[in-house]
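Input: one structure, supplied below.
Order of writing sets the chain letters: A, B, C and D. Residues in each chain are counted from 1.
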Amino acid sequence: MSSVFGTLFRVSTFGESHCPAVGAIVDGCPSGMELSEADIQPQMDRRRPGQSELTTPRNERDLVTILSGVENGITLGTPIGLLVHNRDQRPDDYQDMQAIPRPSHADYTYQVKYGFRAGSGGGRASARETIGRVAAGAIAERYLLREHGVEIVAWVDSVGHLDAGAIDMASINRQAVDLHLVRSPNSIAAQAMAELIAEVRDNDDSVGGVVGCVCRKVPVGLGEPVFDKLEAMLAHAMLSIPASKGFEIGSGFGGSRMLGSAHNDPFVQKGERLGTSTNYSGGVQGGISNGESIYFRVAFKPPATIGIRQNTATFAGADTVLEAKGRHDPCIVPRAVPIVESMAALVIMDLFLRQEFRLRGR
Amino acid sequence: MSSVFGTLFRVSTFGESHCPAVGAIVDGCPSGMELSEADIQPQMDRRRPGQSELTTPRNERDLVTILSGVENGITLGTPIGLLVHNRDQRPDDYQDMQAIPRPSHADYTYQVKYGFRAGSGGGRASARETIGRVAAGAIAERYLLREHGVEIVAWVDSVGHLDAGAIDMASINRQAVDLHLVRSPNSIAAQAMAELIAEVRDNDDSVGGVVGCVCRKVPVGLGEPVFDKLEAMLAHAMLSIPASKGFEIGSGFGGSRMLGSAHNDPFVQKGERLGTSTNYSGGVQGGISNGESIYFRVAFKPPATIGIRQNTATFAGADTVLEAKGRHDPCIVPRAVPIVESMAALVIMDLFLRQEFRLRGR
Amino acid sequence: MSSVFGTLFRVSTFGESHCPAVGAIVDGCPSGMELSEADIQPQMDRRRPGQSELTTPRNERDLVTILSGVENGITLGTPIGLLVHNRDQRPDDYQDMQAIPRPSHADYTYQVKYGFRAGSGGGRASARETIGRVAAGAIAERYLLREHGVEIVAWVDSVGHLDAGAIDMASINRQAVDLHLVRSPNSIAAQAMAELIAEVRDNDDSVGGVVGCVCRKVPVGLGEPVFDKLEAMLAHAMLSIPASKGFEIGSGFGGSRMLGSAHNDPFVQKGERLGTSTNYSGGVQGGISNGESIYFRVAFKPPATIGIRQNTATFAGADTVLEAKGRHDPCIVPRAVPIVESMAALVIMDLFLRQEFRLRGR
Amino acid sequence: MSSVFGTLFRVSTFGESHCPAVGAIVDGCPSGMELSEADIQPQMDRRRPGQSELTTPRNERDLVTILSGVENGITLGTPIGLLVHNRDQRPDDYQDMQAIPRPSHADYTYQVKYGFRAGSGGGRASARETIGRVAAGAIAERYLLREHGVEIVAWVDSVGHLDAGAIDMASINRQAVDLHLVRSPNSIAAQAMAELIAEVRDNDDSVGGVVGCVCRKVPVGLGEPVFDKLEAMLAHAMLSIPASKGFEIGSGFGGSRMLGSAHNDPFVQKGERLGTSTNYSGGVQGGISNGESIYFRVAFKPPATIGIRQNTATFAGADTVLEAKGRHDPCIVPRAVPIVESMAALVIMDLFLRQEFRLRGR
């Protein structure tokens, strides 16, 4: 298993669905930054289950504790230990499913790969694994914002067939995103999305969606060609989030249908640097940030755990019918918003530390 | 710069557009495999420029030499040095462009990040950087095919607005793909694609496209949750290819519009293992291969270097008009086919070596 | 800061001297192994401060808790979270020393590198940092012993000028080592060592020493030439332990004075494999284990924190006299014994997982 | 096999004893540095075989070619490909030894680990593997010297039982070291060492030795606690050199015999920083450089390939007598001097790039 992410800003996470605690170690955080639990908790609250009627009824407060790396409210440069206790564990909910791997869930592949798997709730494949990502990401984005003004904002771009419509990526902020439980900024679309999720939930079904994200004020020069291009690291990070199935940056799949003469972003002088008058590139050229806003989209499939009866097979291969119990989200994208932001922050922070600042401005 | 890829099967590449040679070191290749240049050259030929009227007129034979790691035609387990000479260098073609960064190319970001940049042809951001990937990938896919029967086949899935139509992923093979210069298996679509590329070429413009890829017979159990899920590694690999803008696996972005009850892949007994009767998952569940075919799509933007006049700015910020010279591909996807295959092979090979085989089948 | 060790068996540690807790995450532990806190605690007890009159009077029980990765007493293959609370914190002991960097301690270099440093007790440079290593090492050695019979035993080989004398590396075990508080197996030498440590302690001084270690029954073939040779990884691991100043394997520095004709280890048939009749190589040839016992020695300097008055300078550069308070070990080697064992286990475990078992026995 | 070294300044090497070429890729070299083959060749010449009567008669000119990463004599920031052809190959010399593993050489362990091994001359375990290290190291030390004034000088500290005597580490330089073929700066000792090596050579035997090394003017703050302490990285690097058996930094093993009151290095004001009046620490405290000279010693065993008759066993386990043919060094330390310097440069360079310069001087 690979539970470490990053080269210089390295995050290790641990924890299954129903063990005593989950958490993370953040190694490589620069010293001298003010940090307390209060700086991390808001993103934890945006991620936590049970936060609204649109999410899983599993109710966890997910209070984070800093165990190390901070003294007198200032980071020491040493690893930051982060802990969150699991409280609302109900392993019994899952006992009926021990003989039947849930379709499109990780039950079967974990069984083959590890021989053993957590007996309940998805184990390491549970969404609770993302707690460590969000806690670590909150630290990264705090550094990026305070030291360099980097702003990272994600939103729900679609739920099922319902699209959010045009987004003003220059101005969108978390307050606007959080106005609606579904975390989509357009009121009319948000209302329709919430209704769709409620309908799907009431049908014991689930639905997919897309999260959009913009990273503003990222300095020029981040990203390590050839293999660790900025977009490659973002794609790696986003496809490591449970249930994600796709990633596109800038013009993305749509850009593949365009001509170069229309797609190229002309350069123009912007203040002291060159900028571009359009941004089909999504803020990245040659794998390196160009100073324009980085924006990308992440596709999430419908959650695999559904209450509807499914024809499938047991681990032993016998035909069976599964009615999954346990608590699950009818649609993951509202809660995926802070996870996408956190993973983006981890990528940018790591590339930031990897950048050779000695050479800058030559 | 980060020119090393992989954890146990590690590939390091070097080379710019107009230096004496490009190449790679493949570290971690198992010993005891028959290997000669003849096993690598076919993919080099599929990647090389000048192979057809649809590609750049730069003409390179790209003959690969094995410098080490093989004795008497057998791999030793030691690093395999691979070398390809650059022959058709014409640095003079690029002298007019020294003062003007090409729009949507890496000229500007390289200048800011490195202070210096190769004076010609894109330097490290040139497509010649991918030679090392393809040479290394050919070794990986040879191992995977011989030892485990893994078959990796990519094809052109769209060019601009032209789609290849339905592909039979169970049977598609490289011979069928190569029947048409454009490397798309449907004759009617391939003909239209070729005409579109020729038209775009004649207009000094360029066009984007999408490459599809399937990996058959990958054993169950590959992929390292949490952060190095199989799909995360594939996304990382694919977004590191020059000009790529998007990645989707299985149902991808389309899957985000579906309900769980339709999207879940029911289990059925298949021979000695569990299989699934549909494959929206794209062969991966919980970040681990499930024994079904892995398939994914990669979006490529139109090449940035075009001959059409473009209004843009000089490095110094002055308004200017650029008519780019130099030789370039009007559409990258026919040559991207072996690159996508190679990167897929590198990912699967590395995850293969990382898998704990001691525990298998417990 | 780099608090992650290993390639496939990866250990991340956190914790300073006086923060709420210290601990580790062990990623990559194979699934299916019986494991509980009781398997880890014995090595924690051998490492803990306050265990005898020869160690620091700081008294910590250092009880370890497993937070994740184990269910029903069996490892899941997921990361194992390990936690130990700091209890006997006395930050006030250190307030007088805020203006004066302790000679040969990390106070000054941490201040320069991080701008900030933990206000008390050495922070991350405290011996408490080694708790995570020992907890993780106990898991690694449990796996190595149960699955492959690997036995790792360290002992105190010298204290100051007092040597332990000849050690029978074929039979030495932890019970014999622990017969004496000083952890040296020769009773006469152990008595003298204990007296020397007591004398040094009573003088508010400190003394150095050497730890020897043998790893028996390591299978042939572990170690990754060129750069990750078995001895290179061991040297890395041992020199990362606080206060270590030297490492030698097999004949070591003494071997540099020998002739090849005397130093070479002749091969002889041993059971089903080739063995050697002497073992100046220390169980490693060409960076790869050869099936003989691996043995090495690690030199430790005298602890830097001493009560004796020292002429030195303040951070500001003014001449001063320091009488260090705080609790410290007069000699670190008795407590270093389990730390050396643990780091050896982490190295062997990681190289074990990196070994290509597919090819074994060809 | 692990042929990649470093985190940000990453060196990949390839090549066996008798393949067409050996070389390296240096990834992560900063852009904008003047560099040509003439800057690398001097260290290649100090390493090359056949340079004097004290080394192996295998005669290689070892001319290095830069294949990429440099344009118009300036580094681009892209990977630097380095190539050296093998010329004086005589595989036939080794045919008699195919059935008999050389005692204390890597023949046996390579056979077990890889199933195959290079048929001649030690393959990857040959000293020719170190060519890539020296070529890469020459680039690193050029950068460190030009940008930061870092001076790295190694010398032969002992040959067999003959010691070089006191060395003035503040002034020793390569010119003084190279005055004598044996690369030891004391004329009387050097003469005796040369005679010992000649005698050993004439007896078809070999002898070990120790290389000392000092790194002057390394800035304060390099080294990444906990696991990548400066001394841990140096130990890793040095024990990865073929035939090395030990490493000690500062007071080393001798320091283990001292009292803390004598061993501690008192602080004194030195210019604008704190320095120490003694340097038992060897320039490192808490794993971080403290601004004093870093010095260390590396023990090398006598070369394993000797012409004297040795009683040993065949691969099949039968008793036999081996008279090894092939060309070998009677003593490796004169040629190890540039290798030790190069590995030190690689370590310091990598830690230099890993240092967070943003925070410096806060």
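In this text, a contact is a pair of C-beta atoms (placed from the backbone, for glycine too) under 8 Å apart; a residue touches a chain by one contact, two chains touch by 3 or more.
Just so we're clear, the structure is a prediction, and the values are computed from it rather than from any experiment.
Colleague: Counting C-beta pairs in contact, does A-B beat A-D or the other way around?
Modeller: More C-beta contacts join the chains of A-B.
Colleague: Same residues or different residues where subunit B meets subunit C? The copies count as same if more than half of the interface numbers are shared.
Modeller: same
Colleague: Which chain has its C-alpha centre farthest away from the C-alpha centre of subunit C?
Modeller: With centres defined by C-alpha atoms, farthest from subunit C sits B.
Colleague: As a quick test, compute the distance in whole Å between the mean CA positions of subunit B and subunit D.
Modeller: 38
Colleague: Can you check how far apart subunit A and subunit D are, centre to centre, with Cα atoms defining each centre and the answer in Å?
Modeller: That gives a centre separation of 45 Å.
Colleague: Report the inter-centroid distance (CA atoms only) between subunit A and subunit B in whole Å.
Modeller: About 26 Å separates the centre of subunit A from that of subunit B.
Colleague: Hunt down the residues of subunit B that sit against at least two other chains at once, touch-wise.
Modeller: Expected reply: 1-4, 13, 31-32, 77, 110, 113-115, 124, 354, 359, 362.
Colleague: Across the complex, what residues on subunit A touch subunit D?
Modeller: 7-8, 30-32, 77, 147, 353-354, 356-359, 362
Colleague: Given the complex with subunit A, which residues does subunit C contribute to the contact?
Modeller: These residues of subunit C touch subunit A: 1-4, 10, 12-16, 19-23, 25, 27-28, 31-32, 65, 67-72, 74-81, 83, 110, 113-119, 123-124.
Colleague: Within the complex, which stretch of subunit A touches subunit B?
Modeller: 1-5, 13, 101, 103-106, 108-110, 112-115, 124-125, 129, 158, 160-161, 200, 205-210, 220-221, 223-229, 231-240, 242, 244-253, 255-261, 263-269, 273-274, 276, 280-282, 285-290, 297, 299-304, 306, 308, 310-313, 315, 317-318, 354-355, 359, 362
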